[in-house]
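Each of the next two complexes has chain A plus one more chain, namely chain B in the first and chain C in the second.
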Partner chain A sequence: MKILDASKLSDLADTLAGAGYRVVVPVQDGDRVRYAEWSPGATIRTDAFPVNSAKDFLFPRSEVIDRYQLDGDDFTPLEVRPPAPRTVLLAVRPCDAASLAMLDTIFNWDYEDDLYNARRAATTVVPLVCTRADAQCFCTSVGGAPDSSAGADALLHPADGGSRLILEPLTDKGKALVEAAGGALADGKAAPDAPADVPARFDPDKVRAWLADNFEADLWDLLSYACLGCGACAYACPTCHCFDMQDEATRTESVRLRNWDSCGFALFTKHAGGHNPRPDQAARWRNRVMHKFSYIPERFDLVGCTGCGRCARLCPAGMAMLEACTRIEEEARKAPAHES
Partner chain B sequence: MSPDTESAAAPTREHRNIYQPIPMTVADRRDETADVRTLRLEFPGDAERTRFFEAYRVGQFGLYGMPGQGECVFCVASPPTRTDAIECTFRQAGRVTAALRDREVGQRITFRGPYGNHFPIEQWKGKNLLFVAGGIALPPLRAVIWNILDRRDEFGKVAILYGARTVADLVYKHELAEWDARDNVDLVQTVDPGGETDDWRGKIGFVPAVLEEVAPKPADTIALVCGPPIMIKFTLPVLAKLGFPAADTYTTLENRMKCGVGKCGRCNVGHLYVCKDGPVFTVEQLKAMPHADM
Partner chain C sequence: MDLAKLRQDAAALLADGRAGLVIGFRERAGACVPAFVTDADQADALVYDDTCIANLAAYLRKPEIRQRRPVALVARPHVMRSLILLKAEHQLQGDDVLVLAVGDDTYHGVLTLAEAERLLNETYADLATDAQVLAEIERLEQMSPEERARFWSEQFAKCTRCYACRAACPMCYCERCIVEKNVPQWISTAAAGHGNYAWNVIRAFHLAGRCIECGACEAACPQGIPLMLLNALLAREARDQFDARPGYDAEAEPVVGSWNKDDDEGFIR
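What follows is the complex of A and B.
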């Protein structure tokens, strides 16, 4: 059994960085905790929920996907080779690791997005089992668990009352990481701590059944009333993958950027002719819920939400996916979906 | 996914960056109306041209772009039977379409495609075809019309009803004259009341009303409808009343797109991606979609 002192996680990060990994860990950043690239002196925080998700390091907020030299009225394509550094997502949440199944699927279900795939192939995923959860956590309602190994190459278990960590390799990438960790890990024994108690709060199948019959329900107005359309939920969400493509140019060079986007933004679906198929915030919020709990399950046999609760923790208007889903399930109980 | 339409060609792994377009040269440009232009585009080489035409089926679309400005989605307006170049027809609406419109003959733009599904015309051999189009929505059907006319013997009767707000808004005027002159095409043209000129010899009236008046027979006939939402809305009930089955009535959907390849997440109608499951849908499929989302 490979173990280390919980207080020595930064030594492990240091060792892995020294071995050539880009080490992504939850660190203190002002008054928040966020996933960031490890640098010596940073404070690793595994006791608070990071505001961002691990997707930032596989599907960056903004990235150059095409580049041209501009010559008056003509242009010359320039090579685009986005960096795909060997990366470890260390002590991320199991719900972050679980979200990779969604991203892997969307970037490969038909056309294969090698910009994403190159980074994904270079990434080793090492979640830390959650021994505490907060009121917004609902991984167990969407097929996850606080000690889930879904998407993990190795798993960190808190042990001996939080004083130690057990590192359990699960894949070849995980074994390579243990190898690279060398002396930062010791052989020994430790008793794993119990994972957090995260009660199931709703049944996604019941939510999905209600959604199939209730595109026009009055409830959408009520559920979306507070939405400001700020998009914070989508940016924090580990499975939200919608993006925009925008060109930026000087006189001599242009780049095409892929930037995160959100179905909560008013311009997201607006046509050039002025028509907007999702004309109000209720239609946009409905798409957000439908996409995660109806369209993705229908299409890919996945639930498009890992229950991380980030959207609720960040929402300036106090909206919560958990609340929407429990409310929908309540509604479904009141008026069971008609048999067709 | 789309039982009534043929699925798109399988993606290839030839381009490692699926968002990287190829350059195309403007070989010709024509003004269709005051703000609608057609570009004829030549491929950079035979390899690119061959790769395109091996994949291309009528009804598919592409992304046309200018580096520094962006990309726009239009259908491929020329048929797969004409393999020396492709054409696109678009209305100038914003920054990208203005840049594309300003390209001179000999200058280059970028192109990605073909994307999306297509009209299952191989299943239509021997059948009659009715085309109903309005305004700027003729280009996708124009590609089908020429595809059918280039293989005229394989299909039954061809009837076309095309309308626009005014005579000036009719696109492909020289081709309308060519279809009109053919004895194996039945063309009816109409303009909205007030849109006629002194020498207008076509009909005067909205497309749905003219369709009802002309009353084409549904027997053994596939109907294809493309037009502004308001035209579609009032045309579909007329077709139903005339006896055209929803499963044999086809249309195309447009939604805002960025990637064109099922990733950027904005063109969906329900769980269907217009860019992958469409743009071609039967009216039967349309009826199963969440209406308010269209």
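What follows is the complex of A and C.
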């Protein structure tokens, strides 16, 4: 059994960085905790929920995908080789690791996204089992678990009352990481701590059944009054993957950008002619729920939400996916879906 | 604070049709979140304490909220200033809103906009900028321009362009924000570098003399960017240079948008 002292997680990060990994860990940054590239001296925080999700390192918020040199009427395409450094996502949440199944599917569904795939192939995923959950956690309602190994190449288990960590390799990438960690890990024994108790709060199949019949329900107005239409939820979400393409040019150079986008924005569906098929926030928030709990399950047999609860923790207006889904399930109980 | 009276007033406003919607706060899992009360019998869910910092005046730009006018809002003094300023900028009519006025551990009852304006001027005429924000602004002013640029570059590097700051701000009511204009494009859309710098600074400029320092934008920022350092600095400049006291006078002309022949022109060289 490979173990290390919980207080030596930064030594493990150092060792892996020394072995050539870009080490992504949850660190203190001002008054927030965020996943960031490890640098010596940073403080690793595994006891607070990071504001960003692991997707940042596979699908960055802005990325140059094409570049052209401009000279009068001539233009010359320049080579763009987005970096795909060997990366380890270390001590990320199991709900972040679980999101990769969703992103892998989306970025290879009707088009194989080389940018995502190159980074994904170079990434080793090492989630840390959660021994504590908060009121917004609901992984167990969407098929996850605080000790899930979904998407993981190796799993870190807190052990011996939080004083030690067990590193359990699960795949070849995980084994290579244990190799690279060398002396930062010791052989020994430790007793894994119990994972957090996260009671299941709703059944996504019941939510899906209600959604199938209730595109026009009045409930959407009620559920979305609070939404102010920003992108905080989508940008913090580990599975949201929508993007927008923008061309930006100076006299001498033009770049094509891929930027995150959000169905919460009014402009997301606004047509050039002025018509907006999602005219109000109720239609936009409905899309967010539908996408995660109806369209994605239908198309890929996955739930499009890993229950991390970031959207609720960060929403300045108090919107919450957990609350919406429990409310929908309540509604479904009142008026059962039509048998079809 | 007399919460029972606030709930009772909210219920009465809905029951007798004086308001089509009451926007206040409710408790969820230990946190205070906005509440939308349409039936008198739901008014008991309303709560209020110091952690209820969202500026509910921001909801008045949503068409589905405006449809339910008159809307009654739970409003602390800063939020009342937002309402007065929205009226001054012709975004509200006097009878569009009622105020469930809270402040300094007191519930002041149901007020019209005109009554809220009077209350502000009589009781809350000197809402000071947060002392910590002022101290931090002073610290930044002591820095060299290079140090200060580095400070802001680090802060703005965190910006994901989620626009939660804009969404949380009642004064960001433009139907198409400058950051989304692309003919011509004024601000790079990349959530990085000069685009982030330009976005955050231009938003602050657009609030010069209009920010009532409620702090909702900073509280909304998922990344913890200290936006109030920019907004409070510009509020101070607008106050010192132009006597701007936004949100105390529903007839006042906005500082940026009015011209006075006595304005200082010393900066034009």
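The working rule: the second predicted complex is superposed on the first by the 340 of 340 C-alpha atoms of A that agree within 3 Å, B and C clash if a C-alpha of one lies under 4 Å from a C-alpha of the other, contacts with A are read in each partner's own complex, and residues count from 1 in each chain.
Keep this in mind: a residue touches a chain if its C-beta (ideal position, glycine included) is under 8 Å from a C-beta of that chain, and two chains touch if they have at least 3 such contacts.
Note that the coordinates shown come from a computational prediction; the quantities given were computed from them, not determined experimentally.
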So, does A:257 touch the first partner chain B, the second partner chain C, both, or neither? second
So, does A:272 touch the first partner chain B, the second partner chain C, both, or neither? first
Does the superposition put A:128 against chain B (first), chain C (second), both, or neither? neither
Please work out whether A:314 is in contact with chain B alone, chain C alone, both, or neither, and reply first, second, both or neither. second
Which of the two partners, first being chain B and second being chain C, lies in contact with A:246: first, second, both, or neither? both
A:84 in the overlay: touching chain B, chain C, both, or neither? Say first, second, both or neither. neither
Report the partner of chain A that touches more of its residues: chain B or chain C. B
Please indicate which partner A:112 is in contact with in the superposed arrangement: first for chain B, second for chain C, both, or neither. first
Need the overlap of the two footprints on chain A, from chain B and from chain C, as residue ranges. 244, 246, 248
Touching residues of chain A toward chain B in the complex: what are they? 65-66, 68, 70, 73-75, 77, 80, 106-107, 109-115, 215-216, 241-249, 254, 256, 258, 261, 263, 268-273, 275, 277-278, 283, 287, 290-291, 294-296, 298-299
Hey, which residues of chain A end up touching chain C in the complex? 29-32, 34, 51-52, 61-62, 135-136, 221-222, 225-226, 228-232, 234-236, 244, 246, 248, 257, 259-260, 262, 265, 267, 280-282, 314, 316-318, 320, 323
Hey, which residues of chain C end up touching chain A in the complex? 28-31, 33-34, 36, 54, 58-59, 62-65, 158, 160-164, 166-168, 180, 182, 185, 188-192, 216, 219-220, 222-224
Chain A partner, complex, touching residues on chain B are 11, 13, 16-21, 23, 67-71, 93-94, 97, 104, 107-108, 229, 254-256, 258-259, 261-266, 268-271, 276, 290-294
